[in-house]
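There are two complexes below, and they share chain A, which is joined by chain B in the first and by chain C in the second.
And then the complex of A and B:
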């Protein structure tokens, strides 16, 4: 069992590595994508400088805590889109019959299908995440916690996308649901939960679990709480298992579209 | 001009076939407005309190209008298309056509923006009324003036995005420039009116495209005045000339050096 996991991880790693080498062939484009993504994210600092000039505290967050929130949002997004880019277009892979080529491989279909490509600009997101951590104040425990939350959050975001995209096995237009769900997670992720009230706040910790990916990690980093830390881990394990179950349940309904394509 | 109007009309007809896709885009728009409604409600202790000359309702209406302008534009798709045309060599097919590539891109994009704009205006007004319970004090003439300013703003935005797309003649992938442009527009022009920025920045922003593509029409909607209208329209017309000129120069230079392989 362990050997199977090890082999699968090795294959996925090689796949990501070669995708990165491919992207690096054009160095100018590669670097512009990364640098501009960092600048793109950094532009939002202006928004928060202005808001904090009006009020010392926005939704229970200080300026540095909002930066940390941004860092975790950016880091989780970066991890998800760099390592598992194809999870965010899985609906298309299913709808157009592109899963065929993964079905004949002696490896895990889902992991192979989502790790075949990378998003270069997501490297910019990850770099920006660490820039915000340095502004917030870096210590060894902070650094480790931050890295852990970015990885686990990235896996969480990927799992949500897999679950929503897997609906394509049953419904033809479900890519819209997946896009909307992914959009919801990103839009809410960079605003403090304190500005929301009532049912919306409950939704942010349940149906739209931005709270698990972003808000709880920030709280744990500001003031460590083992209970909250474990909630994030348990929720991630649950969502990952659910993603695998939904995908493989759906895969039984998959039918090929006789698509001919070359995989290099 | 007739051929461009035909392109414009064809694009409207084509866009009408995909109204469902536009309606799906409404979800994102509603979420953004909902977040800002909550944010401004949190910032304003009292809805009638004035911050930098705006009360809470005016701030929310400001965001509604700037978001209508931005969401109906669909700039990312336009930039990607032009960038792909240049990179993929498709632009070569347009060289021998009896129209200008810039004119074609402008009018075809305005066609799709028109349908999106109408739908977003309807949605924005409904949401604004649901959230705030009232409209800003505007008469028919001032509404038409705001609409004119909004149309000119969309023309300028489209030309600026065409210019960014054409940068692919110089750097292979011009999409990252669009990310920066869109974020600058979002942070400096969509979320806050110019009055929220420090004095030095206000002067710079008043001469920047942000003033004509975002701030101008929204400011007219929340606090209409004829002198303001004349100033904004004047600068919008100047900007149309500048933006078109920049596109024409870049296109001319780029096409001269164009080298397309294969077919």
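And then the complex of A and C:
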């Protein structure tokens, strides 16, 4: 079992490495993609600077805590889109029959299919995440917790995309549902949860679980709480298992396709 | 012993029926209509070890669907499949170590990497130790004559060179069965011939069983000893190439250049294919009339040059498609 996991990780690492080599062939595009993503994320902070010059507290968050929220949001997004880019276009992979080449290989279809490409701009998100952590104030425990939450949150976002994209096994055009779901997870991620009340707040911890990926990690980093920390881990394990179950259930309905295509 | 056993295999696809017009499109949102397309209907066959078998049929006949069920890509609705004693749907990964696949329409290689790096990647996919992969690459490089371009990025290779590399990539793990789905699609005749020679050499060298689908009759004629013809999801013929030719080659084409003009009309056993006065092309049904008989009608003294040939295999196969399609 351990050997199987080790071999699978080796293949995923090789795929990511080869994709990175391809992206680095064009040095200028590679670097500008990363730099512009950092600048793009930084530009949003300007509005918060203006807001906090008028008010000390927004939704129970100080300015530094909002920065940390942005850091977690960028970090989770970065991890998800750098390592698992294809999970966010899994509907297309299913609809166009591109799963065929992974199905004839003796490896896990889902993991192979989602780790076959990278998004270089997501490296910019990850760099930006650590910049915000340094501004917030870095200590060793903070650094480790932050990294842990970025990885686990990235896996959580990827799992949500897998679940929504797997609907393509049953319904055509379900990529719209997946895109909307992924968009919602990002849109709510950078606002302090204190500004949301009632049903919206319930939704943010259930159907659109931004709370698990972003809000609870910020709380844990501001003031460590073992219960909240374990909730994030348990919820992630649950969503990962669900993602695998839904994908493999759907795979039995996979109908392939004979479109002409190339792996680029 | 059969290494591929297919029994009463069926596969259906549920397809949405789309009627024209905006009104019907709106209706379809509320109450969508579906139809069941029976892509493969109750087919059975066996393949022996070391065989090179052609699995052919017109577009939409069910060839690719069958090959995808045999390789574990698709789940059948009914029937059973055993490939090397393995159920492809239950033990997909176990089977993947034993088979190789080349889909002519789908590339598996990374285009920005060289064939060499690609082969090493495939070696890792099949958990083969580095030293063994190196040895295998060296061996296949010689067999498939890749020396000139093994270190050139795949995107800079010609289509023929790419297909050769695709085949080599699928052979890195020494599969017992190689599934080739239209491997010569889009290639020029010279490259096609080259690929065929290499496949033949591979079959001879490694005793790999080859399961080939192709639209190119020459692929089948030159590579395979047995042919399975599938049409409308059903096996319409499963026979040796020799028998196919023997039973279906009951017509001869006589192409004659004449001294004087001959007036000949279609009659029992003779069909005029081309009549340009001094040049005549006729088809003789040898079950009804002998070739000698037909020549008598032309008057042998009047013939300057003559060529008697079999009906091309391509025509025989399309005749089988048409005949079975009507039935």
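By definition in this document, the second predicted complex is superposed on the first by the 258 of 264 C-alpha atoms of A that agree within 3 Å, B and C clash if a C-alpha of one lies under 4 Å from a C-alpha of the other, contacts with A are read in each partner's own complex, and residues count from 1 in each chain.
To be clear about the criterion, contacts are C-beta pairs under 8 Å (C-beta built on N, C-alpha and C of every residue); 3 or more make two chains touch, one makes a residue touch a chain.
Because the structure is a prediction, the values reported are computed rather than measured.
By the touch criterion stated above, A:139 is placed in contact with neither chain B nor chain C. Judged by the touch definition given at the top, the superposed model places A:107 against chain C, while chain B stays out of reach. Legend: residue contacts after superposition of the two complexes on their common chain; A:223 is shown touching neither chain B nor chain C.
Of the two partner chains, chain C is the only one that A:10 touches; chain B does not reach it. Overlap of the chain B and chain C interfaces on chain A: none, as no residue is touched by both.
Residues of chain C touching chain A in their complex: 13, 16, 64, 68, 71-75, 92-94, 96-97, 99, 101, 103, 105-113, 117, 121, 124-127, 155. Contacts from chain A toward chain C in the complex involve residues 7, 10-11, 14, 18, 21-22, 25, 97-101, 103-107, 172, 252-256, 258-264.
Here chain A touches chain B in the complex through residues 26, 28-29, 32-33, 35-37, 39-40, 43-44, 46-47, 50-51, 54-55, 58-59, 121, 176, 179-180, 183-184, 187-188, 191, 194-197, 200, going by the rule given at the top. The residues of chain B lying in touch with chain A in their complex are 24, 27-28, 31-32, 34-35, 38-39, 41-43, 51, 171-173, 176-177, 179-180, 183-184, 186-188, 191-192, 196-197.
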